[in-house]
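Two complexes come next, and they have one chain in common, chain A, joined by chain B in the first and chain C in the second.
And now, the complex of A and B:
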């Protein structure tokens, strides 16, 4: 029995060695190829990250700057149609006429009078907001009344994108006429056009006009929604995790809860939106589009994440700590709240931060509960109509205006920056926790 | 009858919203709770006869305080929440009953619009200005509306007083009843611990409530839907055009709600996503766990986590505005006609999103294989790649299959990428260059914008939601089963 294999081996030995050495080259080649494919996959992953980020960043850059133009505004009292500089009369004055007349004067003096079509084209160069800039200037400086002065106003979004793209002279973009291009060239040769940092992107709310639209409303909506989410999901998540980890008896109810939590973690977010629409809005009658409803929906969505993370953190607390406290006569509740919970807190907070980061980027359930409306006002309470940053991105991405492309990318950058800050703080907290 | 009440409105102005009042009440309740903590401590000390005797108490005075605070806050809070959720419905009922019969007999949609109108008037006008406009107005219809608005203001006003009164009474009664029971042997700690324990149970039971809520809401609306559209038409029909069914007044005209094109579209995009994510994710997992040195690992893991952390709306933007045009230009340059919202673009970007999901789950599965198996294989002279393909992967297969199932479930439920990058047209095709639509896209399309709650168009979204829920739930349970079976082998 023992000898047979040996003899077989001895006789077969040379051929096997031969075979092995012969195949070795091939096998090593295969090995190298396999390794290369693996490395390629990793590098492909890196490439995707880099392409994604650079693509969005390069698209976003134009949104942070805006072109302004210096106009010679004549605050002629006949055009304003008021006689005094009292506040009420200045508020009612006809600034549109002032702006139009001043602009026509600037361009028509050279050779011939402008016809109607040219006038309309000329007026289209400036943002619809220019009128209000002219108004605010006069109200802030009443001494300009009946005088000529230089006022900086925003250019229209199409003009702005045209200027940012450096077309050759006369070769105008799709939405700029030849005549408009010539006017712009004249303006820039007179040093009347200036590139400025676009502060209004952060201080303005949504608008139909891309050059005026900003993210303040959406940021505020996000802040309120996250506030509600955190306020509800953190205590509920921690309480749920404490019960399941420290108190729950091994019975069917506990099993049911655990199965539910695990399944909810994998339910598509849009289904939570359906729940919000059918139950929270239609049955309980909470207001549509409100951060309160958004926060409740996102709480239900992130609760499983927070519970699972908190349970892991609670489980990591050494049992000796519990036993020592119990041995000294503390009740189960005292052990849990004064010893286990403080020890597990850093881990729990990390889990909660990750849950909030997940909620921060969520869009689909919020579409279902009507946070997708066009809202100009900045929300000030959790029952006001509001939208959030990801939904704002979705809305802008749908807009046909070219300038919204850059706005969308810029809003994405802001969202990614927020997420980065949140995730980095979670990582810092975790490393601090691990050092202990 | 209304005229008699008018005089009462001239003395005050109702400008505060309903919720403003509620949040104020919440704040008052919070203050009362804090105060009752202090009150409980004081009463406990008084029971024992001063702070110097407090060691005679069975529990610490703070525990008395804690119990008092809980007894003060909790019942009132629960009442407030119930009141708030029922308030709107009750007020609506009461308001409707005061309206003239011809308005009450309106269809539920028109009545809803009418009530909304009244609400808008009631919240924008003061009682005084309403009264003036009632007297000035000659239009009978307008007068009815204004009177209803006035009635609504009064109802809201009464409700807010009722609410405040109820909360205060509950606070007083519950605190007094508790404090009267205080004695030296009163077990305040045990009682408060029972309450805390109940709260903990309730918090963890929210998971069950959520599931029940999802099932009930989605199921009930779906049952309504299947009453107007037979379930067989929905499941096996190949024609999806919810809009036409609305216009031609044929409730769910035959074949309009056939969801097969949606299922097919979802599967096509999911398939494309998996075609990218599974091989790449698996190879990344193998390379990082078997070949990479610790420096590359330390760099690669957070780098790939970025992919997992990017919000889906960003991927949607990327797919619609970068990937789709590139694919179309590429296709056109080799003479293919590519739809501007091709399934390929959405699928590839979705695959990108899922790569880190697949790679991290498969890495877990691979590293859970006992090292003895790996070392035995290497010791026998197998190369690393042979060890991976012939030993590690077969051993980790259940875990990897579980990971892939979870990834599929994720892809099916993914919404934003397909909403932004896939089309609306319900084409029944297997061509990845064509435009297809998915279940999630249709849910969003049907439910955003103006909606009537009981039209089949809206209800169809819930039926689709039910399908989505069942499918993803099934996949998750299957994945868990597969993984659990695998664990039993080695533990």
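And now, the complex of A and C:
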């Protein structure tokens, strides 16, 4: 503290220290207020993410399990309508009849025969796929021919939903009759119903039957599309950015190009889809619904993002580094590729990831090029028909079957997981470049 | 005391002796323009072979600009234009058929702020030799790296950690690394743009000693803000003022009996 003699003048006027102390209080207050607002903003955002993830996860969980039932199948050769276990005859045999007869046998007793309606209801308990499970079992084990054996088959999606979600018979939305419920009770009391992890969700492609529908087709479609997108947009984007920053003369033309690139980043994505349809499919004749075309269209969309981010990263490379290399007699090309590019790489990767993440969630441009389609086969190359995860989510969300509700959420989870994987690998790559 | 009217002192001629008996580089009537603005006015001088020539003058007098013309570093600035005759030995360094890449291999440069590459110490020194393809095998490259580091007086300090990043060294060591990097290409001339201005006095002393040793093999041009440094390391001194070469001569003459009023003011005004 500065001690000053108390003169007339000084008592009238506050000292510097007093003035500062006064304003200091206000300044600290402002600081605290701003900190609180910032903290609130962060917490609010975090909370929303938590709510979103919990909601989706809780809704998605049922999709990862499904119920199977153990049936006593009688591979009677009369029902199969074949006489030997030769391959071609087993392929042609009537398994539908085997399944039906075996099931009816299990549920009818000598005193009570099933009527037609009951038979139909009973058969509806099982997935349409059950017939093929029965077939596959016999083909894998020909020794069951003409014998009775236990086979596990999937239950129908309506039954599956009933077992998963505490419904009472008669509830709205439940698609099970009282009789069916009684049968299920009987099956479960005989320990014939089992809850299993739903592997087919990851190994199967889309299907009309919710209990059979899986994500693999869309996931492969997404991976192939992203592969094409990254393969095209990354080198093109980096080359464009390097040229504009390091080589291009600064004149009206390059200014115009820069403005256009910035504008391109703001163009609604459906416009790129229209362009893809009009030019890439109709003029160049590339196949419809293919990841190749999807990748090209998404490249158009991500390219401006990558160029803008890369240019910013290249600009941020200290000029002293360029001078050092130039001063040693490095050519412009050598300066660019051995000094500027490695230094700018972390920033460029960040830009590329933002671009690809954007493309990952894009549906609109793919709408125009036919990637919104019901595709049952898993695509194996970039020219096969395919769909992508966001489109799959959209398609499932649109389906009336109750079981697709869980599938939709599960597909969203898969999409989020993919995004997470991409982001984590980008961070790893970044830190690798930054260490150098 | 420096209330001199500069307009009155506007000069037309350089005083002192701009000529050297054995000139490595000779500059005649050099003018440099940034767009419409002229940064260097009609400068003529010689750089004596195997000697140190110091360029001094107040900030913004154009001495760095002038230095950067000597290996065409100003080429990277679009609006920069150089006229006049700038000769290295008997070659015009601004000739159309002369590749600046080759020129910069012959005229190396050390910058104001140490700017090692974000690579290992070894790779920093080896970089120039690698891009120019000076060596045929690893052993020759090792040899170049070692001798360059030795000449720069850094080898003993870093010989056990050649694989460590060059950016992890201290400021003075970084600057010596940059000098080693420049030497590795075996240039004929080394340009130094205030090489010690970002360093502490001890590191500065080491660099100055080094410059003194280096002049045995190289012709050196050094821009400096420090009078004492110019006096200590150089044999010739050129005083720049507002883009013009005011006075040039032997260093002891410039510092003991400057002939031009501006030179005298600068020398005495700062360090009277």
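In this section, the second predicted complex is superposed on the first by the 371 of 436 C-alpha atoms of A that agree within 3 Å, B and C clash if a C-alpha of one lies under 4 Å from a C-alpha of the other, contacts with A are read in each partner's own complex, and residues count from 1 in each chain.
Operating definition for what follows: a contact is a pair of C-beta atoms (placed from the backbone, for glycine too) under 8 Å apart; a residue touches a chain by one contact, two chains touch by 3 or more.
As the structure is a computational prediction, the values presented were derived from the model and not from experiment.
By the touch criterion stated above, A:61 is placed in contact with neither chain B nor chain C.
By the document's definition of touching, of the two partners only chain C reaches A:343; chain B does not. Using the contact criterion defined above for the overlaid structures, shared-chain residue A:240 touches chain B, although it does not reach chain C.
When the two structures are aligned on the shared chain, A:364 is found in touch with chain B, with no touch to chain C. Once chain A of one complex is fitted onto chain A of the other, the partner contacts of A:331 extend to both chain B and chain C.
Touch criterion met: A:249 reaches chain C, while chain B stays clear of it. Touching of chain A by both chain B and chain C, each in its own complex, is seen for residues 331. Within the complex formed with chain B, the residues of chain A that make contact are 27-28, 30-31, 34-35, 37-42, 44-46, 48-49, 52-53, 55-56, 59, 235-237, 239-244, 247-248, 256-257, 260-264, 266-272, 274-275, 277-279, 282-285, 287, 300, 303-304, 307, 331-333, 357, 360-364, 367-368, 370, 372, 381, 383, 390-391, 393-394, 397-398, 405, 408-409, 412, 415-416, 419, 423.
Listing the residues of chain B that touch chain A in their complex gives 17, 19, 23, 85, 87-89, 189, 193, 196-197, 199-201, 203-208, 210-211, 213-214, 216-218, 220-221, 279-280, 283-284, 286-288, 290-292, 296, 300, 303-304, 306-307, 309-314, 316-318, 320-322, 352, 355-356, 359, 383-386, 388-389, 406, 409-410, 412-416, 419-420, 440, 443-444, 447-448, 453, 461-462, 465, 468-469, 472-473, 476-477, 480. Residue ranges on chain C touching chain A, taken from their complex, read 71, 73, 76, 78, 101-105, 108-111, 113, 115-119, 127-128, 131-132, 178, 181-182, 185.
The part of chain A that touches chain C in the complex is made up of residues 249-250, 318, 320-331, 334, 338-339, 342-343, 436.
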